[in-house]
């Protein structure tokens, strides 16, 4: 069934179709419509879930962890300051192997107060052990929530489904809402092998000495490494059931491309329009949108850049004192590869500043004038 | 010593014989918190799920991959006992287990200080959990630092003798009563029968139930391990820590009426943490205890 | 991924025509009193550009006081349409002639249909009626169906407001 | 009431460890009797079988066997609460010879 809906409601529909059983959430702009719709769904009985209206994001994630370890499929959503407040619990969810799925609306971190998009909130959580999916359309949001549960529960690793503030969260798009029966076939009920129950009493997360801790984290990393293949496999399965492929990367006109943008989020769709314009002007351009940031698809990025002559990573984020964060990862993906193309790093769109087709053209013009990267960060659209 | 000398009579135990706590745990000698756990589990039984934040019990239970309790435990973040328990209860309900009692089990630091927001949130929502604060009046697990449960006059490693704590203990039970939750009780390890009875009563009530259990700590109070029960009993008898219940935030019942209320003097003097107190300061403690007791009598009248 | 933004505009907007993707990146401010700008792109092909619109074909002015406060014609393509919620006539506006100006008194329509108050009228549905008519986007009945689906409070009053604006514009 | 005396658990590889950080056994491998400096000794001749020593033991390392209290010295940490609380004063604390 096709519906026109905002990105936030796409998250709610994803959580509903996945038959989330416990939702614990706290409101924050620009996430509020996610929880408003979910609480309506719980109230009118169209979703059989417990909605816990907690008093903070920290408690939201704590409650999700508690529900997850008890064996319930668990969903929440937040943004920016809320995500930062959850930080401690994000480690808890991943370290404890609780496959919570969370929507995060990419919003800039204060101060000054900002409600507009950039990625520093979610990328500040890159080392917590959560999978991170960055979406570019509302269709992708609803589909990815369903896929994320499947992957997360197979690996017992939590996942964030991430969308840009306003550019997606409040943008109405046409969404083909997946059929519930097909979703049920694609995503069976959550049945963890070990859970918190008096029938099999165990203590979870107790004091762990240095003789054990490292092995437990080694296991987390090893399972994370299984995720790229599983995301591709479940993405193909999704395509079979719903006609839409969900993968690690979204390569647009990259096959014969000499120059590619490397992008994420909604900017990764705007870049397509820029690619079309550049192609019309005779530049063999392409756009490689990175959809899954954690685990980082190193091998796939390396492969995608094999025949490229130059790549420009456009980051809507900045690791202050270093680089744009996708830029760091892309560089490390091709490090040491014979014939790896020069890769340049650009930062644009912080605090919700628009990233336009013209922004990408400016990036392309700059990149093509350079032999190699000679600045740590090239700023786009900043009044220097 | 021989058992043949006397014919054994049938023993009558005043608390349930079932043990859900095994030996080998890591509590200090004479630990009140450990006794509190043992009594609570005797009352609630095996179908109990515990959420334990950072506190002595995070260590007492034993390190990975061990546990001393025959109940499921989730070791949760410091400030999340109430919120994690909320989630566990919701999760169990949604997977069809509506029978298990969910308990948040936290120390005074995790309750009076860092976990107060989550506790207040859970109580305001009237989550169907039992929240137990075992109170040893300081951050004992980290090495005896003051908490807002530390009483007036006490030495801790962050309130040295020259700057001992000169503010009274936070009235947490009063705060919880203001949430109008169905059941609140104080209990003491010196009165296990009373503790078990009230815990069983609480188990049959739904909604948020709050227990404040007095649990002396020989390590932190600089008292003798063998005096743990004695100290707890003295605190009950001198109204330093009276035993009472509050139903629906309003109906106060004093469980142990004090016909002959003892002075606090003896109680203070056998604890190293109060050694520096001068007579006038002990008199100030007495005045505070008397005032609190008078107020409680009024509320329970 | 090419088809994922190319679906229909939803049941109510669909009418069996070529689907039209629809976007509106809201740049809503937190507090009342700030100008709010929102955008919509309409096309028969998938739309990938997620940025704001700087050179619109049409401008809809919901709050008439903005005409004095900001240059509402900024970036507007020559010959573009401006639809203003106003009790004034199109020729009363200085940019009349350069652009195609249409006015509708959405505030009066909204208030008469008990949508908001005189101090804070809720004019969205009324102005939408005018927009649909002037730009020839869809049929009135499709708009009415969309309003009934999307608005749970006073849906019929909102439909009536849209209808009146549609008829008057 | 008698606890089993488990062995220490040794994981030889990450593979052997459960996916989740959870316990797989109890703490009874940890013979806390080694902590003890003074040991309680019960004079059953004077014992009135009130069960108070059992009730207040924090370990709990006092069992009731055939209606008599029996101390499990594998675990008794020697806190002395039993001796302090015994109403018939039949428990004495004796210095542990180490």
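Quick notes
To keep things simple, chains are lettered A, B, C and D as they appear, and every chain counts its residues starting from 1.
Operating definition for what follows: contacts are C-beta pairs under 8 Å (C-beta built on N, C-alpha and C of every residue); 3 or more make two chains touch, one makes a residue touch a chain.
Predicted model only: the values in this text are computed from it and were never measured.
The chains in contact with chain A as well as with chain B are D.
Here A-D and B-D were compared by C-beta pairs in contact; the pair with more is B-D.
Mean C-alpha position of chain A lies 52 Å from that of chain D. Taking each chain's centre as the mean of its C-alpha atoms, chain C lies 78 Å from chain D. Centre-to-centre separation between chain B and chain D, using Cα means, comes to 22 Å. In this assembly, the C-alpha centroid of chain A lies 33 Å from the C-alpha centroid of chain C.
In chain A, the positions touching at least two other chains are 69, 202-206, 208, 212. Touching of two or more other chains is recorded for residues 11, 17-18, 21-24 of chain D.
Interchain contacts give a graph that is no line, ring or star and is not complete, per the touch definition above. The touching residues of chain D, when paired with chain A in their complex, are 11, 13-14, 17-24.
Considering their complex, residues 69, 95-97, 156, 193-194, 202-206, 208, 212, 215-216, 218-219, 222-223 of chain A touch chain D.
Within the complex formed with chain D, the residues of chain B that make contact are 1-3, 5-6, 8-15, 17-19, 21-27, 29-32, 34-35, 38, 61-62, 64-68, 70, 73, 192, 218, 224-230. If you check the complex, the residues on chain D that touch chain B are 1, 3, 9, 11, 17-18, 21-32, 35, 41-45, 47, 49-51, 54-56, 58-61, 64, 66-68, 72, 74-75, 77-81, 83-85, 93.
If you check the complex, the residues on chain A that touch chain C are 1-4, 29, 115-116, 136-137, 139-140, 164, 166-168, 170-176, 243-245, 250, 266-267, 269-270, 272-273, 352, 354-357, 359.
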